[in-house]
Amino acid sequence: MKRPAATAAALLALLAAPLFYAGCGNAKAPAPQLTKPTNATECVEPAATMRANHMNLLRHERDNIVREGDRSRKYRIEGCAQCHTKRAEFCDRCHDYAGVKPECFDCHYLP
Amino acid sequence: MAKADFEIPDIKNGVSVPAVKPGAMAHVKYHPASEAHLTKLGFPAKRVDNWKEVALAKMNELMGKYKSLSLFLDVCVKCGACADKCHYYLGTGDPNNMPVARQELMRKVYRKNFTLGGKLFGGLARAEDLTEEVLREWMAYFHQCSQCRRCSVFCPFGIDTAEISMAAREIMDSIGIGQKYTLEIIAKVHDTGNNLGIPKDALIGTLEFLEEDVKETTGVDVKFPLDQKGAEVMLIVPSADFFSSPHVDSLVGYAKVFHAAGISYTFSSHASEFANFGMFIGSYDNTKKIATRIADAGRDLGVKRIVVGECGHAYRVAYSFWNTLAGPFDYLDKNHSVPTHVCEFTDELLRRNALKLDKSANDEFTVTYHDSCNVARASRMGTEPGGQFEIPRNILKAVCNKYVEMDPEANREKTFCCGGGGGLLSDELLEVRVKGAAPKVSALKEVMDNQGVNTMAMICAICKAQFTKVLPYYDIPMEAVAGVHQLVSNAIQLGDK
Amino acid sequence: MGGLSLLSLVYVALSYAAAAIFVGGLMRKLWGYAVTPNPLCIPTTPSPATKGGVVARLALNIVAFADLFKGNRWTWIGGYAFHVILIAVTVRHLRLFIYPVPPLLAEIQPLALLIAMLLPLPLVYLLARRKMVDRYAWISSPADYGVLILILLIALSGLGLKFVSHSDLVGIKHFLLGLLMFSPVDMPAHPAFIIHLTLVLMLAVYFPYSKLVHAGGVFFSPTRMMVDDPRERRHINPWAAK
Amino acid sequence: MPEMDRRSLLKMGAAAIAGTVIGNGVTLYTSPARAEEGGGPPGAAATNALEIPSKGKARWGMVIDNNKCTAQCTACTAACRTENNVPLFGDERYDGHWIRKVTLTPERGGPEKHLPLLCNHCDQPPCQHVCPVAATFTRHDGIVMIDKHRCIGCRYCMIACPYKARTFVFKETSEWTNKDVPKRAHGVVEKCTFCAHLIDQGKIPACVEACNKSGEGAMIFGDLNNPGSAIVKYIRAVATKGIREDLGLEPKVSYTGI
């Protein structure tokens, strides 16, 4: 190794890269800003449950709806749309934040 | 079949990977070095009282001096890729002869004394202090490594057990524990300029005898000059070439090649020996001292080139280390590689069609070639990587009609060591040598049985000495061993030039 | 840092400590390798005679584990699969440390997930290999099994977070970004996440002081990194030159 | 059993089945004798509401009175496209069809017949049998459906279907014409659902409603298990037949006047 100091500096820079990329020095860590529904104060489940599990609830219920034709189920993507009327200001915010690309909206309409 | 008081590996169906047999080779002991030799080489005359502290201090010093050692002690993931690659493991089944386990002998001491994890959780990390028992393991198993580097070929991190066994031997020497064979030989080189301790008068006598002998058999005046100032080339060979059979036949070969080429050359009485056992014990100072002696001899004789003979580890030192240890060789002709291997020298003459050859002179031989480990894995011939494989083969094909390759899995880059390298060519280690030779002998046996091979050519003095000794244990006559230049010698036609 | 829950306070402190030990320890190790001299030229030949050749060989070794492939195919399969899957795991996790997430990174998540979820397979294979072949059993210490089991536990807790007890991913990312930007926020008090994070911190601390430094050490190996040109170019021994 | 010459058997079969070419390059085979039958009594009165029996009891079916179906009318196909977000791209390669108007040309002469062709919701659906991922399934009420969350787009089902009722989504639909119904992502297979989403709400399929509205009233939809339903009464009164009944797939769509 000819230039240990330069190599070490390069390694350090590489390791620290995510830190700079994340915007070291900004006062606060960014978090998604959500526009909340105006027509209701509570979701079908507590917010914490929905945050962690909405995808599983929807996925589970979709089989009942498609296969059994039971359209009375509690968790339906069309149900979400009744309160969350602006996808871009609600769904997309968190999905973009976490790098998640759900396929739901390829077929299902959400305003 | 030669008789032995130990079991000879059965190679009838080749050598397969043996089951682990713990402690199978723990009983092997080398003869201890004398106080005189230890002292002469700069080591304590006997084991020092605070040997453990001295050993650990030496280990620490070496880790600071050698990147190889400091890195290799850390990065082994124990993947086991090397576990079935060592000829000593294949021949003995002793798990401490797996390269990774051999390294662990030092690594466990390293962990105990130099790493936080080893100090805190010794047992979980298999850390161990340098106890009397561990030292005994070091003495046994670091002298069952021929430093052939086969393991390093397969290691994903290039870990070379040779580096570790060299360091271990240096640490042991530094506390006054030495091996008689290597230390005695190094002492002889410092005294007389060659391993065998041949005085100048005996050397003169030998060379005169050879001149007469060649004159008698060929009718040509082939010279064996000694200390001839102003010669073009200084030829430096392993000293076994002056006496032993079949080594000496290759020496005659070199002389004939120089004669045919019409290039003046000379031996040196100050440095008549090419071998450098300093490397085997990892002693930088001793290796350097021996190399410098050779560089000085060339300078004193005023030669333009240094050509080296058929020796494996010595060629590694010459090729890889001379320039560093005893360079720069600015008194030599820059148009030739420094040093030049005698095979490179002969090969160049062949390419120029400068040699008259009669291949049929070797018709009684069906020849195969054994790649010696230090030539194959620690040096190069010619300008292209792998030249060390092609050039000796080119020569053999030029001088023999019947040439056969051995299994490439046991040759070339993956060649198995003869079993006698690295300072193990000593009688008390015969069991290690015979068992360690099994993988290579098995490859040889295969071509002997199936393709009628009766001669194995090689370019290493240790290989030649080892095989002539151990082949009879496998029911193969020692006459199967030949030097490459021995076959050149048979074929070369010395007309009027 | 005011207003953090006790749990978050503890884990913020642990995370910074582990990161410091990981980065500091690794740097110290690699620095040590970098500055320790090579007194002699010791490439394992046949070896490239040019710098470019050495780089190409190293690249092949890093990308394909070429030397291990030569050494043992069965070990290669397990080791190579493990490392390739680790890359996919890294891709899965990178999005939690980068804001905003680059589009390409978001795009490849489904593929990365498909590969990443296989992580336990090579680990179990590597564990079984150590146990079942007598040679590998002989050389394996509790530490060798331990680190495989630790990574296996990390993998299982991670898969649990994904498939069994899904957590608040946005909350986790917020917490991680807070750590990265030195303005910590509360962490989601999700048991599976706490277990996962704890195991990862353990691995980070263990890393620089174990065989895991091979990840950086592989770039320093003299038998692989040195150019085979001792006759053409005089290799100077740094400590002998002084 | 007397030994029968295999070749002569095949010849006999060829003579018995005459080919008829219908629209879009599809060849359907119907028995010529049967194809010349037809001309039934007028259909039952149109109704837009369905009586939904308890789960597992219904078996929805359709009869098309081809005497009432005129060649030019596309009310059913247009309604289907709007209801189910099935667009026309203006490019044959991409256009999907859930219900099509096809033209029958009897080989032995006679007038051309125009008829709507849609998924026959077979009781023995070959498309379902061949699906490697169980994306095609039969609902409790007999409707054959595709779970597009599961479909991998392998298209075995398209080869299996004798009615060419299925199309592959080569191109994603850009907008919803009916936001209450999902559209399809690129790479899955789609087909008629009998407007299951409407049935579940007690409504009749969009095509039937459009046919009624257009005044033709050629489509009768109802519960084949309900003896009191209009469709059962109609079938009892008039001889209807399915297309390629010989395949034994037991289609739930049948025709009169073909």
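Going in written order, the chains are labelled A, B, C and D, and every chain counts its residues from 1.
Basically, a residue touches a chain if its C-beta (ideal position, glycine included) is under 8 Å from a C-beta of that chain, and two chains touch if they have at least 3 such contacts.
Quick caveat, the model's predicted, so the values are computed rather than measured.
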{"item": "Centre-most chain, if every chain is reduced to its averaged C-alpha atoms", "value": "C"}
{"item": "Pair with more cross-chain C-beta pairs in contact, given A-D and A-C", "value": "A-C"}
{"item": "Centre-of-Cα separation between chain D and chain A, whole angstrom", "value": "41"}
{"item": "Euclidean distance of C-alpha centroids - chain A vs chain B, Å", "value": "66"}
{"item": "Whole-Å gap between the CA centroids of chain A and chain C", "value": "28"}
{"item": "Centre-to-centre distance between chain D and chain B (centres being mean Cα positions), rounded to whole Å", "value": "86"}
{"item": "Shared-contact residues (touching 2 or more other chains) in chain D", "value": "none"}
{"item": "Category of the chain touch graph - line, ring, star, complete, other", "value": "line"}
{"item": "All chain pairs that touch each other", "value": "A-C, A-D, B-C"}
{"item": "Interface residues, chain C side, partner chain B - complex", "value": "29, 32-33, 36-42, 44-49, 53, 61, 65, 67-68, 70-72, 75, 79, 133-144, 146, 206, 209-211, 213-214, 217-218, 220-224, 228, 230-231, 234-237, 239-240"}
{"item": "List of chain A residues in touch with chain C within their complex", "value": "1, 4, 7-8, 11-12, 15, 18-19, 21-32, 48, 51-53, 55-56, 94, 96-101"}
{"item": "In the complex, chain A residues that touch chain D", "value": "62-63, 66-69, 71, 78, 103, 106-109"}
{"item": "Interfacial residue positions of chain C with respect to chain A in the complex", "value": "23, 27, 30-31, 33-35, 94-101, 105-107, 109-110, 166-171, 173-174, 177-178, 180-183, 185, 190, 216, 220"}
{"item": "In the complex with chain C, residue positions of chain B that touch it", "value": "17, 19-20, 22, 63-68, 70-71, 74-85, 95, 98, 100-101, 104, 115-117, 123-126, 149, 152-160, 163, 284, 288, 319-321, 323-325, 327-328, 337-339, 376-380, 383-386, 388-389, 413"}
